[in-house]
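This is the structure I want to talk about, given as structure tokens.
The first chain written gets the first letter, and so on, giving A, B, C and D; residue counts start at 1 in each chain.
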Amino acid sequence: MLGLEKKDFRLLLIVIGLTMLAPFILNPFPEGSEMAQFNAGYPDLMQRFVIFGIFAIGFNILFGLTGYLSFGHAAFLGVGSYAAVWMFKLLSMNVLPAIILSVIIAGLFSLLIGFISLRRSGIYFSILTLAFAQMSFALAYSVLTPITGGETGLQLALDDPRIFGVAQTASGNIPVPAIFGLEMRASYELALGSWLFTFNAGYYLAALFLILSFYLAIRIFRSPFGMMLRAIKSNQTRMSYTGLNARPYTLAAFVISGMYAGLAGGLMASMDPLAGAERMQWTASGEVVLMTILGGAGTLIGPVLGAGMIKYFENIFSKINDTILHGWFAFLPDGLENFVVAIIHPFIGKGWHLTLGLVFMLVVIFLPGGLVQGGQKIAAMFRRKQPEDAQSKATEPAE
Amino acid sequence: MSNSKFSRRGVLKTGMVASAGLALPQYLRADSHAGFTNAPGDSEVILGFNVPQTGPYADEGADELRAYELAVEHLNGGGDGGMLGTFSSKALDGTGILGREVKYVTGDTQTKSDAARASARSMIEKDGAIMITGGSSSGVAVAVQALCQEAGIIFMAGLTHSNDTTGKDKRANGFRHFFNSYMSGAALAPVLAANYGTDRKAYHLTADYNWGYTTEEAVKSSTEAMGWETVNAVKTPLTQTDFSSYIAPVLNSGADVLVLNHYGGNMVNSLTNAVQFGLREAQANGKNFEIVVPLYSRLMARGAGANVSGIFGSTNWHWSLQDAGSQAFTRSFGTKYGFPPSQAAHTTYVQTLLYADAVTRAGSFNPCAVAEALEDFEFDGLGNGPTLYRGADHQCFKDVLVVKGKENPENEFDLLEIVEVTPVGQVTYAPDHPQFAGGALGSCNPGA
Amino acid sequence: MDQFILQILNGLDKGSAYALIALGLTLIFGTLGVVNFAHGALFMLGAFVAVTMSKLLTLSHKVVDEARTDFLGNPLQVDVPYIYDWFGQAAGDVIIDWAVPISIVAAIPVMIAIGFIMERGLIKHFYKRPHADQILVTFGLAIVIQEIVKYFYGANPIPTPAPSAFVGSFDFGVVLGFDPNAIIYPYWRLVYFFFSIGIIAAVFAFLQFTTFGMVVRAGMADRETVGLLGIDIDKRFTIMFGIAAAVAGLAGVMYAPINSPNYHMGMDFLVLSFVVVVVGGMGSLPGAVAAGFLLGILESFASMSAVIDFLPGINQIIIYLVAIIILLTRPRGLMGRKGVMEE
Amino acid sequence: MGILEVKGINKRFGGLQALGDVNLSVAENTTHAIIGPNGAGKSTLLNVLVGKLIPDSGSVMFDGQSVLGRKPHEINQMGISRVFQTPEIFSDLSVFENVMIPCFAKRDGAFRMHAIESIFAEKGIQQQADEILNDVNMLEKKDMTASSLSRGDKRRLEMAMCLVQDPKLLLLDEPTAGMARADTENTINLLKEIRAQRGITMAIIEHDMNVVFSLAERITVLAQGMPLVEDTPDNIKGHPKVREAYLGEAQV
């Protein structure tokens, strides 16, 4: 189906199902209940899930397949966002040209950086990419302020010279990004009993791009090109003595993943038209590395899971405060309530970093293959009867 | 499709129980009833406190959060009422806002514009916050302000000092109580001239980003107007931690004053380094060498320890002010938390009260009504003397404090002493002043 | 000319800090083959040993002073350090003043112990794991360590001054025949420089002249062979990790007076120290030291206002620019060996 | 005129003359062995032939074209395949994938952006891969991960990867190094078979004289970087210079 093997097609269907039904899946708790704190089904976070999912899928094409660990991929995301916002400022508020341009610009930028960085391998390659990204960040934050907006980020203004479109709306406001008139922020809300589900136009556009990206990633993984990339990771000596030139293959993978990053950046700017320099900082590059490893590098679905997990922690755990905790444990006797709250307190709100750090450590200690391996372990527990299944798994191309 | 844009869960939470059961999909029209985003229900109203909880400004964020919690307590009639008693407007009576109990949600800006906007959006989209406030840097303030404008939410800025927040990046839905770079320069210059003379040569070290630029410009133009000369102005990277190579050449540059346009960790390190190099004891051009820090923060001054003593700077507010409002606030904050509040705590507390008061006076949560009530509002009793919320740019105009690091502080909170309270007249500027040029408020956006 | 000399001095001083951190990182990588992202956290912990020491020395009890009042109008409670009670105020002040040098003594055992615990409890399980896993787990550990420090000490920097005997600057200019104040350098920074040189020399001497060091050097060159010799390399790895942690910790202790320590100072140094190590050549100790000084000096030159006026923003990117140029011209850094971390 | 003509190759490493004026001519459709004691320059010569090292002077012509200055993958595309001392295979990939990769390299050249096509649709390539695996008796192991193979199987896999490219010249670097006697015999038989069935020209660098004399049709002896003699196995066996060079080494 669609040029995919049965198993891959099933995976694609699962991803389509998950993204299309995300507003339901992410909002399992009734509105107004104590557990509603854990609901993630609001437009901003849902958009972030898929956008960072795209970013991580792209990163995984480079890192998971070729083993080249780039520490500078956030630069391409940042460049993509800047390109998109400039498109909004100069051309029109339609997101399509902005997204297309951001993919192109990020592709060109990654071609340049990849061409230079890929002259080295291993940690030397990592440091080269890190150096380029840090330079981009430092310059964008300071001397390039006229182009990038610097500290405050590049944003729209009331006097933008928009060629196709108006500078201001009738009510004197800055117009918002839209696709052929459908605003990215437009939402439709569905109340079912005490549950409330939000269907956001921007989210579905981004989700559509995620599905496309995921589909393309499957095709790449299962293509001769993808096999060559895995061969590069496995043995570069044999690669060249088999008559294959590793450089253009790695460069192509680098540019593809750079374009994925640019797509993520363009989508980010389309959902929320502001591009900040911090998007390019090394910590942002490190974040996508963590997402990929956390989910399972070299697997198809892993990076998406990793991205979701980190963004969930960042957005949900950071918002829990002591007042909420006291609300949850109000049923306990006072002394016990305070005790329990005091125990949990360091891990939530301002302590969400601590929780994330612990999760990294636990996952990598107990699940070297990331969350995907965790999923496989659980799945294996349910079908112990078929041991040969587990054996053949090892030889299948990366899942 | 209905463009409900941003949901208003406040309404739903209360109104939903009635419509329980397997309802058919329906377009939610509550928005259009109220005509603005996140119209609150009848019993409670939700405010969003968006402060840095991780990263280098986490302590300032924590102090802001304390002030917010205190403000909520006072608005809901708890505690000793704080500045509600001294506020010139008597609209607030301790029954919440327009009879609704004040609830709040918190978030982490991480002092990054992306994270701050994500957090603000989640407050608006998920929690149904009607107003967002907080922040501890201008980058974040400008970013969140623009977001609130788009969403149709009022933004009450926290600690943000760049001219741009109410200058080129001002927005109709955003309001700033805190002072700015221009005011710092205008307040400092006369005091510096009086103490150090008008024949001085200044060397600027400036943080290489927007806030640094506006502060350097403001201090430069104000001091040059007093007769000072600017010898050199060097930009330093935000990520710099060791400033020795920037400080070392200063003493031999012909300058006799060093101006550190730095904030936060940069300020702590550059000041510590400068003192290490012996600049405070040095002589230049036959005069004592002096250091100036245009924007002081008591929390950050603590990091520099004894190095701040004798060094001039400006600040928005200080707990040792003797007016009734400041005293009341310091008392209720100190009683609750055991130590005096910072200027960040003060401005966020005041912003919360000002918002609540404006809603009450307007009789509506509609952002446009609230904005109208805030614009050109004159008030007193909130710690800075008579104050004007100017309608033209949504900036508060009030007295500015010039402070000096104390020589012999009694404890870690007692680091600054007030040298002069510069009257508001001296720090007022025209809305179209060149340092604030290049932006427009636009018109208020109620969202929905 | 005088500016030039001044910036060389500056560069040497900065470089000594970079070299010291990079040295510990290289020790761990070279011997254990582990990419330790928690190394910056060890540096930070060292600085917080100094902070803790000065807190301990000023541990106080309250004495009520009825004559004065606090900000709320209550009688003022004055903090009186216990140390005053024991040694008298004058001697007590001297001890408190010398908190940072005193904490060096404490830092060595504390940091070695932390190093042992880290290696035994966590790192040793990762020797055979891919570098990506090592990065993830040590990065997680770094976050955990720094968040714990933040929980107890807050996010703001904590002033930890040097003894007052070291306040002020030495005027090199006068010695070299320039104008007074042309080339001044703070005493404590000079102390830091010589301290770093001393530690670097000690580490090299240890590796050069002791049997232990010889085994370790052999292990850095060819780990498998040494393993085959039947030497208990495990125990030596643990000790090496302890030493590397102590080196990082001492660098941190001595750095505390230069910049007030805060919980994220380790992360601030992390990227930089990796750049230093890689520019020096992965796994090469002399390379790490040389790269540290080189980058320190170039960074100082780039911060001169004449240079910035000529090339705006150069001070923002100099380190990375140099790293790129070196890695493109010398494929394995200044002194790197073939095959290390290239797979 | 041989398919491979090496003329006057010199290579110095610092003060060491690794190769001095080496000439070599490998005739088409023969098995040519290059032998010599340790440090004779065998490996250096091999690395020159595959493009890993560039000689200081001299020429290397393959099939009428110079190989000097070309990269290893370009030389492979000219028709030279190499078997390593320790098998170089794609150990993370399956056996089947290992042989598919050289098929693609043969068909599509050094680089092709075939990112959207599916491997599963490449029936021709799959058939080729199946055939060669069948030829080396590894068809039943095609789904195993290469790293889990035995050492002998790894060697056979590498051989299959080279053969499937149908090279004009197969370079073998000590193909039996470190092997047990039985394995060595197997390898000799395998190589003989290949030689007989496919008629591939082979150049073998080998230490084990037993192997050399069972396979080679012509032998070049190197000593201290210099070519000593080049002759048929029978003549080499009794050659005094060779005995001298190998003094102390048994079995000559």
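Keep in mind that, in the parts below, contacts are C-beta pairs under 8 Å (C-beta built on N, C-alpha and C of every residue); 3 or more make two chains touch, one makes a residue touch a chain.
Treat the numbers as computed from the prediction; the structure is a model and nothing was measured.
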| item | value |
| --- | --- |
| Both-way neighbours, i.e. chains that touch chain C and touch chain A | B |
| Greatest separation from chain D - chain, by CA centre | B |
| Most central chain, Cα average position | A |
| Which two chains share the largest set of C-beta contact pairs | A-B |
| Intercentroid distance (Cα basis), chain D paired with chain A, Å | 46 |
| Between chain B and chain A, distance of the C-alpha-averaged centres to the nearest whole Å | 33 |
| Chain centre separation (chain B, chain D; CA means) in Å | 74 |
| Chain B and chain C, separation of their C-alpha mean positions in angstrom | 35 |
| Multi-chain contact residues (two or more partners), chain C | 312-313, 316 |
| Junction residues of chain B - those touching two or more other chains | 58, 62, 208, 235, 237, 239 |
| Per-residue multi-chain contacts in chain D, two or more chains | none |
| Chains grouped in pairs wherever the two touch, ordered by label | A-B, A-C, A-D, B-C |
| Touch list for chain A against partner chain D, complex | 3-5, 219-220, 222-228, 230-231, 233-235, 237-245, 248-249, 252, 256, 392, 394-395, 397 |
| Contacting residues of chain C [partner chain A, same complex] | 35, 122, 125, 129, 131-133, 135-137, 139-144, 147-148, 151, 271, 274-275, 278-279, 282, 312-313, 316-317, 320-321, 323-324, 327-328, 331-333, 340-343 |
| In the complex with chain A, residue positions of chain D that touch it | 50, 71-74, 76-77, 81-82, 84, 88-94, 97, 100-102, 104-106, 108-122, 143-145, 161, 165 |
| Chain C-touching residues of chain A, taken from the complex the two chains share | 63, 67, 69, 116, 119-124, 127-128, 130-132, 134-135, 138-139, 141-144, 282, 286, 289-290, 293-294, 297, 346, 351, 353-354, 356-361, 364-365, 368 |
| Contact footprint of chain A on chain B as seen in their complex | 1-7, 9, 12-13, 16-17, 19-23, 25-28, 53-54, 58, 61-62, 105-108, 112-115, 117-119, 121-122, 125-126, 137-139, 142-143, 146-147, 149-150, 162, 164, 169, 172, 208-211, 213, 235, 237-239, 439-440, 442-443, 445 |
